[in-house]
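Order of writing sets the labels: A, B, C, D and E. Residues in every chain begin at 1.
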Amino acid sequence: MTESTPNDTNDTEPKECIEVRKIREAHPDAILEVNEFRGDTRITIKKEYIPDVIRLMRDDQELDFNFFSECLGVDYLDAQEGGYILGKDHRFEVVYNLYSLPDKRAGRGRNRRIFIKAAIPEDDCSVASVTDIYPGANYPEREIYDMFGITFTGHPDLRRILMSDDWIGHPQRKDYPLGGERVQFPDGKFGPSVGEGVVQHPGESFFGKTASVIEKS
Amino acid sequence: MIIPQHVGPIDMVAVIPYIAIICVLAFVLLLVPGLVWIERVVVALIQDRLGPNRVGPRGLLQSIADGVKLFFKEDILPANVDKMVYYLAPVLVIVPALAAGAAIPFSIVKIRLDSGVVEPIPMVVGNVNIGILFILALTSLQVYGIVLAGWASNNKYSLIGGLRSSAQVISYELAMSLAILCGVFICHSLNLVDIVNHQGGYWFGIIPKWNVFQFYGLGAVATIIYLIAMTAETNRAPFDLPEAESELVAGFHTEYSSMKFAIFFMGEYASMLVVSGIATALWFGGWQPLFPFLAFIPGWIWFIGKLMTFIMIYIWVRATLPRLRYDALMSLGWKKLLPMALVVLFLVALVDTLQTPSQPVGSHVAQGHLAASMVIGESQR
Amino acid sequence: MPAVPTSYYLGLSGVLFTIGMIGVLIKRNPIVIFMCIELMLNAVNLSFIASGRHFGHMAGQMMVIFVMAIAAAEVAIGLGIIVAIFRTKETINIDEINLLKY
Amino acid sequence: MGRGLAILNWSLIGFWIMAIISVCSAVLMIANRNPVRSALFLVLGFMMQALLYLSMSAQFIAAVQIIVYAGAIMVLFLFVIMLLNIGSPEALRERGGLQAPAAIVLAIVFLLLLAGVGALGGSQINHLMNPSVIPNYGTVDAIGKTIFDPSKPWLFPFEATSILLLIGVVGAITLAKRRL
Amino acid sequence: MALNSDQLNTPSLNADGIQIDPIEDSKMVINMGPHHPSTHGVLRIVLELDGEVIIKATPHMGFVHTGIEKEGEYQTYLKAVTLTDRMDYVSASLNNMAYTLAVEKLLGVEPPPRGQYLRVIMCELQRIASHMVWLGTHALDIGAMTMFFFTFRDREKLLDLTEMMSGVRMMPSWIVPGGLRGDAPEGYVERVKKVIDELPRRFDEYEILIDQNPIWRERTQGIGVIAPEECYSLGVSGPTLRGSGVPHDLRKAAPYSSYDHFKFEIPVGEYGDVYDRYRIRMAEMRQSREIVKQALENLPDGPVNVDDRKIVPPPREELDHSMEAVIHHFKIWTEGMHPPVGEAYAPIEGPKGELGFYLVSNGSSYPWRMHERPPSFMNLQALSKMCEGRLIADVVAIIGSIDIILGEIDR
């Protein structure tokens, strides 16, 4: 926050925070977008550069993002209208939440948080894993894989983490069908559903009658 | 109270062992539900909560209700178990515990023989001259029930629990045997009736000549070793590793249900009672009263009172202490208790030899060597 | 009280010894073979005690004490060896433990 | 007791019961494929032997038999069986061949030999039905006094045995420990 | 399992027809959980054992996955508060707080001081309650069962306070965007004072029971050691991180909700073992009590909510005479609030560690993406590292010391 002095946004070359500057120095064409909102900086970069940029964040003495807070996925698909919201040209983003943890004893850390976002298009739903840089990315990446279907190349143990292993689909995608759970009501009819008729729910997840429905959608 | 030898056609002297059998069996088997209730109430008191209070007055009938429930529960037989061993294991747990009660004298009755002589007859099932050895032999068999239950259940938790438990029982049996041998040295007898009789009398008319006070504090050390070892021997907290529910679910009896589980439960409490009874008889004077002026209280009340004190200690310890870890348990048994017990045994033998110079030294040395050889023999396991 | 003749005990001892011997010869599992050896030792113990009683001599019981002590030592070492072999060879089949053969 | 009933005295009945049980358990032990069950049958046999010792008024030996054999040695066996996980019957398949018949033939020969020896030398033994009784025979006291009597030859072997046991302890630990 | 050579070629099958692997040097795989008493919920840990020594511990979770994050996308910002209660159910207010702070960050508002102080009081009381649950279950795992009853007895009193404030004992949902659902009731302050005056005696009681107990020390000291560097890279935070000697507390490092007004200390461990974590949580309970005490003493007067009718519904009495109030009331309850487009992450120091909510707003009244950074989830990653080479008995001590809540891990 101290490094990023607020500047006139109309300026074509706004004064950038140190993280952006460092990334630009190392990888001139990595950054897609820099977003400042309520004091937080979010840097969207091309997904090919993710391991390098994360490693830079960790290893650079001036940046010193020693603490891997988490990473999460976001789906920007507008399921009703089609297309992506907020004018994005990629469907998914993986947000790496890094923290420069102030450790007075070791004299480290700047008490600064940065959000690195990887832009991931729908047709190439994968990104390099950062587990070798931060081992703590293990579970969050598995969760993103589980929930969004984004594969992390180089992840040591990429399995579903929250859903059962035989689950079909990735539930937090915006186009994942909702409702239609086959609940038997007293009058013998099935419960409320989305759209017309009964949508078979992936809750019946064993590969069988419902699998084809989900895989088509 | 003095009983004549012949009440009607019955010869009381001959009948006493049978009365003792009934007493021991009834005491152990009836007290087990009572013990469960006592334990729950006392633990509840310590833990600042109500405890059983639903069934009967003050929850008194709770254990009976539990027993009825267990009796009518489905008897589950897990898949792929060794049926013979699986059914045998609970029996092997409870039988040695009950049988060991046979050698414990719990009271004395005075009988006026037909000749007019008043003879004190001990209430004991089998007044055998190797009573202590008998008890040691039976306690050493208890491990079978546990290890076989663990193995036969075809469950990893059970197996680990069974192995743990048997290793624990075996290691603590050594310290326990040595501590018991200290008592044998003090009393010069392997017969528990003789041992209790030896503890009659008072120093200065007030301090009872119990083994725990004998031999300049060595008796007390041996008693403490025995008490620790007996807690471990019965798998009770803080040595309740085999059934440490937070680690091994329920240890060796994870897969047991219904009455078989109840039998394990009863076996645990029965062996608690038995080892407490041994402690009472061996260290705390059995039926001997605490003070001479309290001699009017019958011996069996003294015995049960002392026994219940140990049960209370059991419960108190259970409510207070965390559980030991397994390796710490083993190192406590092998590295602390066993050497301590050996040293105490040596000192006791030394004091004994010095105290009684008139006797040939050989017999004491003999006892010491025999003890040592037994210990070494057991340590092979 | 009429006692059981000593020869009965000796006969029983012989039978038990023979059964133990058969076990040693036909079993593959070294642990069971070990158990058979224990059985044979016990048969011998039985004859010792019977003879001791027969002649009213303590020597029989003395020998039994020694046999038990030695059996304990033997079992400890023997089972230790079996466990060690299992660790290295992954098998305890007596036919396959022939390291010294070649 | 009448002469005709002498053969049916209680000691003898007890002996036959114990003898039959011990022989049966021994046979079952070697006939069983499951080592755990074998061990259990052996324990049963040991118990019977302890009872036989008791019937020969060797109380101390009987107690030690249970403590050492049933309580210690067999538990050790069970431990090893369970630790090596060879408890399941399939673990070790007994292979046939000539071994079993040969063993049985040998055993019969051996038994015949024993019987022959018994027939040759047993005549004196059979005459002595009642053993000579010495006071306190078989008690701890008698055994202790016998072992430590300097005039008898048992003291040195006894001490030697204790050293042997010590060696056994050290050896077992050395073998079992992966790294000392 | 011993196998003959011919058996090795044809792997043996068990009764179910499943192939049995030849065991490598007596390695044993044990399923700890999901129905295991000491996994604090339905966690399943696959332990690979060599004897009783753990070679590898692999946690499997998801058994109580309820899809709260997904559900949050279909609730208005105000209604989603109730979902957050269900994540870390033993300290629900702190979840509300983190979520609320994230929404407020999106909105760019901050409640007035009284609201902030009351939030702090609620959160710190819940932190104590959460640590009490932890202490009770942790001690129960290690075998000191009396502690469990002691802590739960005292936790009842803290839950009573929550009930007095919100009417609910476990899931208050009282902290909402814009402030609180309502002001503290009559007599709340006095009652809180009474309860917290008694707390130090209770804490002493706990410490008497186990603090110096040699068995407890032996079970906890030197167990589950983790270095600060490992904590950093694994994302381990909270008492576990402080146990390793890092004096990091978000209440100090990035003060929120006027935590900078209070004096308190960050307890730090030395060795990073289970005992240090236990000591830290004990010290934290005392520090939390201090914070509550200070907050009660300096509790300012005034409103508890922001004065913005687009965020906070108008008070009930205004509805009777103000048409505008009725419209606002209707709008806020049917449509909800509209934060600007943007993304916000608001971390707080939860009882288990850094508890943050990541919200993505597309300008509608529903969050586009609601994500919690679950501290237990991240801390659980350290389990495998802490367990290696230890015994089964240590696993339960270590799980207890990480203080996991499966509702939070699985969400």
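Methods note: a residue touches a chain if its C-beta (ideal position, glycine included) is under 8 Å from a C-beta of that chain, and two chains touch if they have at least 3 such contacts.
Predicted model, so just to flag it, every value in this text is computed and none were measured.
Novice: Could you tell me the least number of steps, going only between chains that touch, from chain A to chain B?
Specialist: When the steps are counted carefully, the minimum from chain A to chain B is 2.
Novice: Measuring between Cα centroids, what's the chain most distant from chain C?
Specialist: Most distant chain from chain C: A.
Novice: Which chain lies the greatest distance away from chain B when centres are computed from Cα atoms alone?
Specialist: If we average the C-alpha coordinates per chain, A ends up farthest from chain B.
Novice: For chain B versus chain C, what separation do you get between their C-alpha means, in angstrom?
Specialist: 33
Novice: Report the inter-centroid distance (CA atoms only) between chain C and chain D in whole Å.
Specialist: 7
Novice: Which integer distance in Å separates the CA centroid of chain C from that of chain E?
Specialist: Here chain C and chain E have centroids separated by 63 Å.
Novice: How many angstrom between the C-alpha centroids of chain E and chain B?
Specialist: 46
Novice: Multi-chain contacts only, two chains or more: what residues does chain D have there?
Specialist: Within chain D, residues 60, 64, 68, 72-73, 76, 83-84, 86, 92-93, 143, 147, 158, 161-162, 165, 168-169, 172 contact more than one other chain.
Novice: What are the residues of chain B that contact at least two other chains?
Specialist: Where chain B meets two or more other chains at a single residue, that happens at 373, 376-377, 380-381.
Novice: Specify, in ascending order, the residues of chain C that touch 2 or more different other chains.
Specialist: 65, 68-69, 72-73, 75-76, 86-87, 92-93
Novice: Which residues of chain E touch chain A once you look at their complex with the stated criterion?
Specialist: Per the stated touch rule, the residues are 61-62, 65, 67, 69-70, 74, 105-106, 108, 228, 232-237, 245-248, 253-254, 341-345, 347, 354, 356, 358, 360, 362, 368-369, 371, 373, 377-378, 380-381, 410-411.
Novice: In the complex of these two chains, what residues of chain B are touching chain D?
Specialist: Touching chain D: residues 82, 84-85, 88, 128-130, 133-134, 136-138, 140-141, 143-144, 147-148, 150-151, 159, 162-163, 166-167, 170, 173, 190, 362-363, 365-367, 369-370, 372-374, 376-381 of chain B.
Novice: Which of the residues in chain D come into contact with chain B in the complex?
Specialist: Residue list for chain D touching chain B: 34, 36-37, 40, 43, 59-60, 63-64, 66-68, 70-73, 75-76, 78-79, 82-83, 87, 139-141, 143-145, 147-149, 158, 161-162, 165-166, 168-169, 172.
Novice: Would you tell me which residues of chain E are touching chain B in their complex?
Specialist: 15, 28, 30, 36-38, 52, 139-146, 149-150, 153, 209-210, 213, 215-216, 218-219, 391-396
Novice: Under the definition above, what is the set of chain C residues touching chain D in their complex?
Specialist: 1-12, 14-16, 18-23, 25-29, 31-32, 34-36, 38-39, 42, 45-46, 49-50, 52-56, 58, 61-62, 64-66, 68-77, 79-84, 86-87, 92-93, 95
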